[in-house]
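Shared between the two complexes below is chain A, which has chain B as its partner in the first and chain C in the second.
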Partner chain A sequence: MSGPLVAVLQFPGSNCEYETARAARSQGLDARVVRWNDRSAGIEACDAFILPGGFSFQDRVRAGAVAAKEAVMDAVVRAAGAGKPVLGICNGAQILVESGLVPGWSAGNVEAALAGNMSPGRSGYLSRWIYLLPGQEVAARCPWLSLMEPGQVLPLPIAHAEGRFVFATGGASSRGPQVTALRYCAPDGGDPGGFPWNPNGSCDDAAAISNMEGNVLAMMPHPERAACLWQVPPSLCGPWGDRRRALSGPMEGTGPEGPGATVFAGLANSFGVRVDR
Partner chain B sequence: MSEATRRVMIAVRLKAVDPAASTALSTLRRTMPGEAPVSLGRYDLWELEMSPGTDTMDRVRSLIASYTDIVNPNKQSWMKLGHPDSVPGEDRSQTRVWLVVKDHDDSRSENWSRILRASRFGVRRVQCGVLWRLGYPPGTAREVAEENAMAVALTRSRRVGLLANPVSQEAKLYDEASS
Partner chain C sequence: MTADRPAPAGCRDDRSGPDPGLDSALIGEIEARGLAMTLEEARHLASIVGRRPTPLELHLFDTMWSEHCSYKSSRSQLRTLPTDAPQVVLGPGEDAGVVRLCVHDGVEYDLVIAHESHNHPSQILPVEGAATGIGGIVRDVYCMGADVIGVLDLLRFGDPLGPRGSRTRSIVRGVVEGIWQYANALGVPNLGGDTVFCGSYDDNCLVNVVAVGLARHDWIVHSYVPERARDEEYVLILVGKPTDDTGFGGATFASAVLEEQLGAVQVADPFLKRVLSEANRAVQRLLHERGIEFGFKDLGAGGIACVSSEMAAHSGMGIELDLDRVPVSIEGLPPEVVACAETQERFGLAVPRDIAPDIIGIYNDDYELPRLFPGARAEVVGRFTPDPVYRVTRGAGRDLIAEAPAEAIVAGVSYERPWSEAPGDQSEPAERACDPPADIERMLTGMACCSRSAIWSYYDSEVQGNTMLRPGESDAVVIRPLPGSSVGIAISGDGNPFIGRIDPFQGGAHAVGEAVRNVVATGARPMCATDCLNFGNPEDPSVFWQFRESVRGIAHACECLGLPDVSECEAPLPIVSGNVSFYNQSPGGGPIPPSPIVCVAGRLDDASHARGIGLRSAGSSLLLLGERMDALGGSLYYRECIGHAGGRVPGFDGTLERKMALCVLELLRDLGDDVHACHDISEGGLAVALAEMSLASRSWTCLGAELPDTGRDPVALYSESPGYVLEIAQGRCPEDLPPFARVVGRVVEGLVIRGSGWSVDLESIASGHFDRLASVVWREEGLT
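Let's look at the complex of A and B:
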C-alpha cells in the first residue's frame, strides 16, 4: 500500500488498534500498528498518528496518565507541533488530554481532564450509541472532520467510564466552543438536555475537542466501531438506522460504509486520497 | 458535617503488590527523579460520615463485612486511618507523606451515599478517593518530603506530576499525626 503513512500506536492495554487500522486502510491510508516501544519503527516519518481505544497501562493511576509520559509520545508531540494530524479515540483521547496536546491553550500544559461520568443515579462504565453534531468553529479546520457538513448528525458508539470533558478554570464557558469539535445532541440534532443524549455530563456537551490549530482531535466516541454499516444497530433512529434496516442479503467484503467511516475518509480527503467505490 | 456526626476514614489496600503503585513509582522515577519517592503505596479511601452513637466502629466493621465492593477479603485488607501502626510491610525509617486525591465531582461517592444511607449502618455520607503513601529516604526533612510529594501529585504537563489531574481532582496532604 502506498497511501499516506498512518501510525496506529499500540500501548500495553490498547484493544482497538487492529479495527482502527482496518478502518483507515479502507480509505486508502497506509495504516500500520506500531508498538509503543518499537524504536525501530521510524514513526517520525509517518504522516499521521492515531491513538486507539482500550485501557493503556490498565488505566493505572488515571486513564491515559501513564501512556502520556511514554517516550513515544515525544514523537507525537513533535508531529502535532509540525501540523501533522493526530487522532485519539476514547483512551487515546484520554492520553492526548493528559499530554496537554488538547486543548493546547498554553503549549504543553494540562488544561483539561476526562473525568468520571456524571449522570443521575448511575456511575461507572457506559456503553451505548449517541448522536453528534460538528462544532461550527472547529470542524472546518480539523482534517478528520473535513467531510462533515454543518448540522450533520453523526451516530457513533461510546464505551467509557471517564469521558466527561472538564476544562481548567475559565475554559469551559469562554474558550470551550473554540475547541469543541463534536457535541452530543439529541437524535434530531437538537439540544441533548442531559442524560442520556449527553451521556456523561460533559462540559459544553463536548464529545471531542481539538487543539486550536485543529490538527489534533481527541474524541470519546469510537468511529472504528461504526466504520461499516453492518455495525450499526438496526434499532438506531434516523437515516443511518434506516439504511441499516434496508441492508439485507450477503455482503461483499465489509459491505457499505457506516457513519464512522467519515472520520477516516476525512483524513484521506485532507491528503487528496480518493477511494472509488 | 454536623457536630454530632463522626467521620471515619477507611483505607483499603491490595494484599498483593499494587500494580498501580508500582507503575506510578517507575513512571515517577523516570520522569521526576529529583522528586520521586523511594516507596509508594496506594489505598482506596472511604470517608464515612456516621450518625452519632457509641458503637460507630462496630457499625463500620459490620458495613465492611456486608459489602465486598468496599473490601473484598480475598484480596484486600483495610485499616482505620489514625492508626498508622497497623500499616504492614513498610520501612518505618522513611519519611512518610500521605496524600489524598479526590474528584471535584464524583458520582461514585454520590451513589454510594445513596446506597449506604438506605442501609442499617447509620451512614450519612460517603466520599471516595485514593490515598497515596509516599516514602522518602530516612532523614529527609518533612518539609522537603511534602514539597516533593505535592510536585509529583499535581499534573501540570507531560513532564511534571502524575497522581492527580488538578483540573478535575484535588490533592491534599493528610497528616496522620493529627487524625
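Let's look at the complex of A and C:
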C-alpha cells in the first residue's frame, strides 16, 4: 500500500492498535502497527504517528507516564517538533500529556494531567457514547480535524477511568481555549451541563486538547470505534443515529463511514489523499 | 519404576510386598496436606506408582482427580449431551470447542468458544476471583491458536436487599470491578452476559464466564505434543509469570463445600496477558510459516504438573521435567508447590528443540518479558520422551521427585453417584390479582428486571472495533469479527433458576431455549452451545437428581434445536465446551437452586440484518409468536406481584421452539428491513417484552405499544411461555401466518403500553428502571 506512512505505536499494554490502523488504512493512509522497541522499523521516515488506546505499561505510576519515558517517544517528540501530525487516543492521549507534547505551552514541561473521572454516584471506568463540538480556534490548524465544520456535532464513544483534563494553575482560564480541540456537548450541540454529557468532569468540558501549533492532538474519545456507520448504536439520537437506523443490507466491506472517520480522513486530507468510497 | 533409575527421594521402593503401614501413612498425608482425595483414591495412587507416593505425586493426582478436573461425578451424565454436528471441528475434550464459521478472502475461519465457572473464588475475593475468571477463560481460547474476540459473564448473586444484602452488594461491586479491570485492560470486548439476583445465592454467588475467539482453520493448535515428537526431540517451553505459591490447591478448593481459603485464589494480571497474547501471536505466526508442528496449552488447575502431563499423555508420550529450570518469584518453595501452584498468566509450548532459542528470543527479547514483569520469561523446562512416563527431577543430582505412567495421570476416576427424586414445590397461588399499571411498574423497577446498564457502563464493549449491537440494544450482542466480511456473530448466555428450582428438567431445557431465542431474535442461526452446570454437593442424592434432570433437559433441547441452514440434515445443536461446578453450597446453608447456564453462539451471514429490540415507527404491527400458556410457575409476575414461586412452569416444546425460530429467521430473510425489531419473550412475559422494546426507543424518540385484546389477563400479559415479538412495518405483515403467530397490537406514539381499559406511562417508570441497580448496589454505599 502506498500513501503517507503512519506509525501506530504499540506499547506493552496497548490494545486498540489494530482497529486504529484499520480505520487509518481505510482513508488511504499506509498505517502500520510498530512495536515500541522495534529499532528496525525506521519510524523516523514516518509521516505521522498515532498512539492508540489501551493500558500501556499497566498504567504504572500514572496512565501514560512510563510510555512517555520510552526511547521511541524521543522520536515522536522530534517529529512533533518538526511539525509532523501526532494523534493520541485515550491512553495515547495520556502518554502525550505525560510527555509534555500537549498543551506544550513551555517545551518539555508537563502542564496538564488526565485525572480520575468525577461523576455523581459512581467512580472508575465509564463506557458510553458522548457528543463533541470542535474548538473554534484549534480545528482550523489541526490536520486531524481539518474536515470538521464549525458547530458540527460529532458523536463518539468514550471508555476510560482517567479522562478528566486538568491544567497547571492558570492554564485553563487564559490559554485553555487555544488548545481545546474537542469539547463535550449536549446531543443538540448545546452546553453539556455536567454529567452525563460531560462524562468525567473534565475542565472546560475538554475532550481533546492539542499543542499551540495544532499538529499534536490528544483525544479521550475513540474515533476508531466509530469509523463505520454500523458501529454506531441504533439508539443514538441526532442525524448520525438516523443514518444508522436507516442502514440496510447487504453490507460488504466496511459500508458507509461513521462519525469517527473524519479524524483519519482529516489527516489524509492534509496530505492531499482522498479515497473514493 | 524402571530398574536403572533411583527411587524418588524420600520414598522407598515398595514392590517387594504390601506395606502394613501404608494406610496410616496415606491418611496422615491426606490430613497434613489438606488433600481432597479419599483413602481409597490414595491407595489407588499408591498402586499406580507401586510405592508410597511422593508429595508431588499426591498433589498432582489430588488435582487431577478433583471434581474440577476429572468430572468424576458428572462424566456419566455428560456423555448424554449431543456434541457432534457437521460444523463441529472440535468438541469437548481440549481447552475450548471449535466450529467452522466462514470463508473470507479464500481463508477458512473457525469460531473458538470456552465456558467456565469461577464461583468459589468470587464469593471470597470478588475482584480477584472475577478477574481471574476472565484471565483463565481467555487462556483456554488463546491456546487453541485463536484471537479472543469477546467475553461475557453470567452472574448469579444473592439478594442485595436481603438479610445478607450488605455482603451481596459488595460482592456485586467487586465482581463487576474484577471483570472490567481485567477484560478492559486486556482489550477484549465484553459482550454483556446476564445477571440474576436471588437469595439462594447469598452464600454462593455464581460467576460463569465465556470467551469466544476467531482462528484460521488451518492454524488451530492442539493442546498436546505432536506425533512428530517421536522422531524429533520436542521440548516444553514454559512462558509467562514466574511461578509463585498462589492458587496452590485451587482445583481442590473448587471441588468442596465453600470455606474461607484465601490462598487458593490466584492473582490475575491482564497487562502481562496482553503482552503475552501479542508475543504468542508472533510465535505462532513464525511456527506456522515455517511449517513446524507444535502444541500449546494454558496453565490452569494443577499448574505445571497438569499441563506437562496432559500434553505428553494425550499423545501417548512421556516427559522429563526439570523443576530447577522453572522461573520462580519466591525461592525455597517446596517442589509440589512449584509444580502444582496455579500462578496466572502462563502457557506451555511444545516445540522442536532446534527452534526453541528463536521462540524464547521472541518472548524475552522482542517483547521484553523480563523487563516488563520481574522474573517473567520463557524457559525450556522439560523434554518430551517416547517412553510414556512422567518424570520430575530437581537438584544437582537430578533427583526424581515424581514418576508415574503418564496415561495414569490423565485417566481420572469416575463415580456413579446415587440419586433420588426431589421435585420442587408444585403449588400455585390461590388468587392472581392483575393490575397491569402497578404490575408492570413493579416488575420493571424491581431488582430482577431493572436495567443492567449500570453494570454495562463499566464494561468496554467496543474495543477491537467489531461491535455492532451492544448489551441492551438487542437480545444478543452482535459483533463482526472479520473486517471486510459481512458475517456477524451473536452470542447470549441464559439460565433461569426460578424455573429450575421447580423443575430441573425444564430449567435445563429452557436455558438452551432462551439462549437460542436470544440469538435467533437478532437474526442469527445458532452454531453451537456451551454449558456450565452449577449445582450443590453431588454426594447429596437429591442434588444429583437435579443435576441428572438438568442435563437431560439440556440434551433434549439441543436435540430439538439444531437449525442447519444449507443441509437438510437433522443434526442437533452441539455442545462443544462446558464445565461442571459442584459443591455450590455453604456449610450452614443449603445448595443453590439447580443452575445450568447455557451459552449459544450464532452466525449471521449478513450482519446488516441484525435486529435490535428498540421500536422504530408508529403504526407498525406487533407480531407475537408462541401461544401464551397458563404456566406462570417461576415467573417474574408471581415473584414480584403475587409473592409466590408457583408450581406450573412452562413446558419446553422442542418442535414449537424449532418452528418459531425458523419462522423468525424466514421473516427476517423475506421481509428484511421491514422487520424493525425483534425481542424474545422471557421474564415478565409479553407486557415486559413490549415495555423493554418501548424503553429502548426512548433515547431518540418515544414509541409504545397498544394491545387491544389482552384485557387484564395475567396469562396473556405475563406468561413466560417461550415466544417472540416482532415489530413489522405497517402493511408488511404476511397474511399466511403459521398457527402459533398472530398480530396482537401495533406501535403507537409515546412511551406507553395501552391495554383495553388501562395504560402504563413508561416515562414515569423509566428512571426507576434504568437507575435502580446503581442506586441499590453502588450509590447507597456512599461511593462517589
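FYI, the second predicted complex is superposed on the first by the 277 of 277 C-alpha atoms of A that agree within 3 Å, B and C clash if a C-alpha of one lies under 4 Å from a C-alpha of the other, contacts with A are read in each partner's own complex, and residues count from 1 in each chain.
FYI, contacts are C-beta pairs under 8 Å (C-beta built on N, C-alpha and C of every residue); 3 or more make two chains touch, one makes a residue touch a chain.
Please read these numbers as outputs of a predicted model, since none were measured by experiment.
Chemist: A:Glu224 contacts which: chain B (first), chain C (second), both, neither?
Modeler: second
Chemist: Who does A:Gly13 touch here: chain B (first), chain C (second), both, or neither?
Modeler: In the superposed model, A:Gly13 contacts chain C only, not chain B.
Chemist: With the two structures laid over each other on chain A, which partner does A:Thr254 touch: chain B (first), chain C (second), both, or neither?
Modeler: In the superposition, A:Thr254 touches chain C alone.
Chemist: Once chain A of both complexes is superposed, is A:Arg22 in touch with chain B (first), chain C (second), both, or neither?
Modeler: A:Arg22: touches chain C, not chain B.
Chemist: Counting residues of chain A in contact, which comes out ahead: chain B or chain C?
Modeler: Per-residue touch count on chain A favours C.
Chemist: Counting only touches as set out at the top, which of chain B and chain C does A:Ala140 meet: first, second, both, neither?
Modeler: Neither partner.
Chemist: Examine A:Gln58 and indicate which partner it touches, taking first as chain B and second as chain C; both and neither are also allowed.
Modeler: A:Gln58 sits against chain B and chain C alike.
Chemist: With both complexes overlaid on chain A, does A:Ser123 touch chain B (first), chain C (second), both or neither?
Modeler: Both partners, chain B and chain C.
Chemist: Take the contacts of chain A with chain B and those with chain C, and give the residues found in both.
Modeler: 57-58, 121-124
Chemist: In the complex formed with chain A, which residues of chain B make contact?
Modeler: 19-20, 23-24, 27, 30-31, 103-108, 110-111, 114, 155-159, 161-165, 167-169
Chemist: For the complex, give me every residue of chain A touching chain B.
Modeler: Residue list for chain A touching chain B: 57-58, 60-62, 65-66, 68-69, 73, 77, 98-100, 108-113, 115-119, 121-124, 166-168, 201.
Chemist: Over in the complex, which chain C residues touch chain A? Could you list them?
Modeler: Residues of chain C touching chain A: 177, 180-181, 184-187, 269-271, 274-275, 278, 366-368, 372, 454, 456-470, 473, 480, 483-484, 486, 606-609, 612, 614, 616, 672-673, 696-697, 699-700, 774-775, 778-779, 783-784.
Chemist: Write out the stretch or stretches of chain A touching chain C in their complex.
Modeler: 10, 12-16, 18-19, 22-23, 35, 37-38, 53-55, 57-58, 120-128, 157, 159, 222, 224-225, 227, 230-231, 233-238, 241, 245, 247-255
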